[in-house]
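Input: a single structure, listed below in structure tokens.
Lettered A, B, C and D in written order, each chain numbered from 1.
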Amino acid sequence: MNKVRIGSVGLGRLGLQHAENIAGRIQHAELTALCDVDAPKLKDAADRLGVPHRFTAFEELIACKDIDAVVLVSPSALHTGQISAAMAAGKHVFSEKPLGVTVAECREAEKAVEAHPELVFMLGFMRRFDESYKYAREKAAAGEIGKPVLFRSYSQDPEKFIAGAIAFAPHSGGQFLDMAVHDIDLARWFTGSEPETVYAIGGCYAHPEFAASKDGDNVSCLMKFKNGCMVFLFAGRTAPHGYNVETEIIGTKGILRIASVPQKNLVEVLDNHGVRRECSENFLERFDTAYVNEVQEFVDCIIRGKKPAVTVYDGTRVSEIAYTCKAAFESGELMKF
Amino acid sequence: MNKVRIGSVGLGRLGLQHAENIAGRIQHAELTALCDVDAPKLKDAADRLGVPHRFTAFEELIACKDIDAVVLVSPSALHTGQISAAMAAGKHVFSEKPLGVTVAECREAEKAVEAHPELVFMLGFMRRFDESYKYAREKAAAGEIGKPVLFRSYSQDPEKFIAGAIAFAPHSGGQFLDMAVHDIDLARWFTGSEPETVYAIGGCYAHPEFAASKDGDNVSCLMKFKNGCMVFLFAGRTAPHGYNVETEIIGTKGILRIASVPQKNLVEVLDNHGVRRECSENFLERFDTAYVNEVQEFVDCIIRGKKPAVTVYDGTRVSEIAYTCKAAFESGELMKF
Amino acid sequence: MNKVRIGSVGLGRLGLQHAENIAGRIQHAELTALCDVDAPKLKDAADRLGVPHRFTAFEELIACKDIDAVVLVSPSALHTGQISAAMAAGKHVFSEKPLGVTVAECREAEKAVEAHPELVFMLGFMRRFDESYKYAREKAAAGEIGKPVLFRSYSQDPEKFIAGAIAFAPHSGGQFLDMAVHDIDLARWFTGSEPETVYAIGGCYAHPEFAASKDGDNVSCLMKFKNGCMVFLFAGRTAPHGYNVETEIIGTKGILRIASVPQKNLVEVLDNHGVRRECSENFLERFDTAYVNEVQEFVDCIIRGKKPAVTVYDGTRVSEIAYTCKAAFESGELMKF
Amino acid sequence: MNKVRIGSVGLGRLGLQHAENIAGRIQHAELTALCDVDAPKLKDAADRLGVPHRFTAFEELIACKDIDAVVLVSPSALHTGQISAAMAAGKHVFSEKPLGVTVAECREAEKAVEAHPELVFMLGFMRRFDESYKYAREKAAAGEIGKPVLFRSYSQDPEKFIAGAIAFAPHSGGQFLDMAVHDIDLARWFTGSEPETVYAIGGCYAHPEFAASKDGDNVSCLMKFKNGCMVFLFAGRTAPHGYNVETEIIGTKGILRIASVPQKNLVEVLDNHGVRRECSENFLERFDTAYVNEVQEFVDCIIRGKKPAVTVYDGTRVSEIAYTCKAAFESGELMKF
């Protein structure tokens, strides 16, 4: 079995992690090329990981014959263009979220994917590949919790990263697009349904800087889905305890909670603060295995000639919903889908 | 120190519990009279608890000279009238929630209370007297969690009591009035603020019978409070695991969760179902001590000539809010306060 | 039904708590007399609790005609003599543990009890009256965990009370007698069996002062019971997190853990220390209800003319076992019962 | 950087897992050869994993020039001989525990290792490579819990695998050698000390079949270590809830608990059994990552020319201790080291 030769684009924190995963933790794959505009960073990573091809220009990467697939961990604004270009060059594409920074861009990405049915395209909704989320989804799909009544999901970044969040605020698209997209994806995945209405609120509770971007440091929304399920999402940037991603699905016959305590590991500390669990610090720690699993799935799809369960249309749909949430938040009005 | 002589009205489940508590667990009080329309039940309870005075008519009870105070655990529709009559007869009054079944009734109760500043009036928001809620409130009031960002509270009755809930549905006023009033009270108590807007949804996920009363078996609402705090409330009648009342207050500096696992006691069972906690079965079990504490506070206020922290206006305000939530639920529209 | 008139002896921390409980939380009982050698403390408590009779001499208390029963919370060295004297005076007796400070003394207490079959005698093994321990015991007795394999029990006092523990060390009898007696009682209660062998170790890990009393600041023992059950007990005085009393019973079909986290209440705090439960601070907080329940049982036994499940012989047996554990600890040898 | 070419020996459950890990999850390594006496199983695994060399005879494997290192997951009785032969053939060796089935055998292995200082030898104490155990060890080593007072460790296999355990009993060496060796290793690792005395008990609580091998289905021992630390170990084969490996280290300043709930993942289920965590089913699930980490460490040591922290002498010492525990268990006597 030949290995899938991957070129990975972007060497930010997550990009570097993907590069390391492809180099050492993904089966049937090899990290053939790296691409980043920062030449010294590129050299450093490529040397360390023993990557033969290095590019500072994306166009050169996709022109490279030794590459079967690209993994995009580039800035969001570049995603759509890179997806189209890479697929036009005959490469399979794995793109980190978001699919595009506007719905119009997402539609372009759809066209690129539709134009290349022979290629694999996959979007990085890594939570679906987390062992706990997968396990819960299987239970729900097997009917163990009955009909979904309430889906509640939180995405909270730790307060200690607030400086970066403030700096990134003008480009983040706001918390519904930047953070809640993962929860929106989960809500659709778990309920098998789509939103009908949304009411969104929030504000700047600790950091007024977000107001300039029409965002808050903490926001939430309540949606009614077509199947009747209530969906409550909360996204925040000031979590005092760590990186907190938790989800609850209340069904008529059972309830599932995923990561209601964002424990770092299985160690419990008993000291003068009480009995406590230390928490995950960031998404890389929490979703370490999920990031491996999702790229493994991408590679397996390429090898076996199958299509990923997450489609480009999921990417568009999630973006549409997130934009409607954002509009609801900005207007203060109840919005219908 | 003379004991406060109490006449307790109503011998339903909670009424009986209050009677037993007054008879044996409240200091500086004695259960002097019982009142219920069901004569055999009245005799049985009074005999068992050694209560000298028994009445099937409320008017006779309040005419009794040996009584200083009444505890009302009668049907909700009788509350306002009984409050007025009892205070007119010079009795201190403790009334179970709700204050009245309409806001107009609540206003009448306000007048009765205002007309008798020499008497103690107290409303039974027992959660404020639960040790865990009190402890959390003190931490929040001491500034330990910073500014409130999100207040989330659940009230879930177990599925196994669904038959009673269905039978009671036409008279319950709906879940916002019947159950969520406690959460509304807590939201005001913890945030020190009032709602500005509400969006409410829900439905009949398992039991269509509630639709006839314009209610659902599970409902929720998202409110924005004047201080900016987001408030999400959920009330349900189909909890698979037991009686679940839980609250979370996310602040800018810390988060408090009260009873996120509705554990019955401190026993953990490890068997073929995993590692598990068995759950509280009903409100009497969960709030056993709180029911004692609230009546103790009532008695202490009478003895010390002070006024309870919970006022008649809190009762009115909570009812107003619950009615607005109900209207929002029925209309499907965003409502402003 | 007449109330049981109780004279309570000793106004240390636990004595005061018992007095308050009898005055206000025990049904069918009244606190008729208090006795303590410290006259000002006696006056203060008696005034506050409205107690008519006050005695600085135990002999006067038991001579009082208005008293039906005595509750002994006096220094351990006085227990046996007071039990005998009180029963000779026709009083029912509830005594805090230990029954006596030597096995010989326990035998004397047995004689006093045997000489007065018309009177109720009860020993204060309060853990049996804790809701969680009772619940677990019922499950075990119902066969839900199968045959007992391992019984493990911890008694840990918080480090912050170490100064008191060091001061009391010469009179405490050592940790097996002072603390582990409760665990020994539970082991016999849960397993229905008796020890055959014991190996005991420990030492002064933080506080060398205990060595002068041939004690350690932390000790443990492993016992084989006659029914084959393994019993591991641990007692410590340096718990960093609070007052920790926990028990695990591993059976062939299930496992029960009681208070594996010594949580103060149902509040969970999420802050920069992680996700945490604050802990019980001392025995009065942890066993608050149990102290009420045990005296209530004593009173109920008197009223109904029945005998408590805990007998004087249990007191003797537990002392014998604790003394053997102590001897094993001091000798370093394996001992047989 | 050249990859370390590994030949893996033995294709039982753990052997297969190691083979899969080397093939796909270990960086800088490749699975070059497989060896098992079962030819069809060998072909199946080698084909599936794309392994070029296949051997049914161990001698042929170590004669293969394309192999740098061997991983031994063969029957325990073969370990010592294979270690010696492989090192004589110039191969680095990773051996699963135990080092040998007798202490004499362990000494032979020591000689082989001493004779080849240029080669890496490592023993598979995988728990040291579990993220939670590592994290706890670092805290302990950093002094965060003060001086060790009590080290408690459990190893429990689930009841549902009892048939296999009974069949394997005559060859297992008993639970101290078969299971508790891991706990013994952890005790030495965490305390940095060695045992002085041991008292061991246990029996056949559910399955009398183990008696024929002088073993029990559940056993325990209490040891005093030279630094004063108390060490309590429990090993059982009848866990009702799953595969349970948990450890507690009580120090004078803090307490660490590792996996006190053997949770399968981060999902919490709330249903008619209560609020529960489902449990790990077996060692492969629980220590999945640890098995990867330990072989990664072996490979890294080879590449960087360093020696693993776990030495051959640790293997001998743990075996010696386990044999003494076994002797103590069989004799019923207190034994000294």
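The working rule: a residue touches a chain if its C-beta (ideal position, glycine included) is under 8 Å from a C-beta of that chain, and two chains touch if they have at least 3 such contacts.
Since the structure is predicted, the reported quantities are computational estimates derived from the model, not experimental observations.
Trainee: Measuring centre to centre, with centres taken as mean CA positions, what chain is farthest from chain D?
Mentor: Relative to chain D, the chain whose C-alpha centre sits farthest away is B.
Trainee: Between copies chain A and chain B, are the contact residues mostly the same numbers or mostly different, with half as the line?
Mentor: Shared-number fraction above one half, so same.
Trainee: Where the CA atoms of chain A average out and where those of chain B average out, how many Å apart are those spots?
Mentor: The answer is 43 Å.
Trainee: Just curious, how far off is chain C from chain A if you go by their C-alpha centres, in Å?
Mentor: 56
Trainee: Two or more other chains in contact with one residue: find those residues in chain B.
Mentor: 145, 239-241, 253-255, 260, 263, 269-271
Trainee: Would you mind writing out the residues of chain D in touch with chain A in their complex?
Mentor: Touch list, chain D to chain A: 1, 23-25, 27-28, 50, 131-132, 135-136, 139, 144-145, 253-260, 263-271.
Trainee: Per the contact definition, I'd like the list of chain D residues that touch chain B in the complex.
Mentor: Contacts found on chain D: 239-242, 244, 261-263, 269-279.
Trainee: Taking the complex as given, what residues does chain D use to touch chain C?
Mentor: 145-147, 149-150, 159, 197, 199, 201-203, 205-206, 218, 220-222, 224, 228, 230, 232, 234, 236, 238-241, 250-255, 260, 332-334
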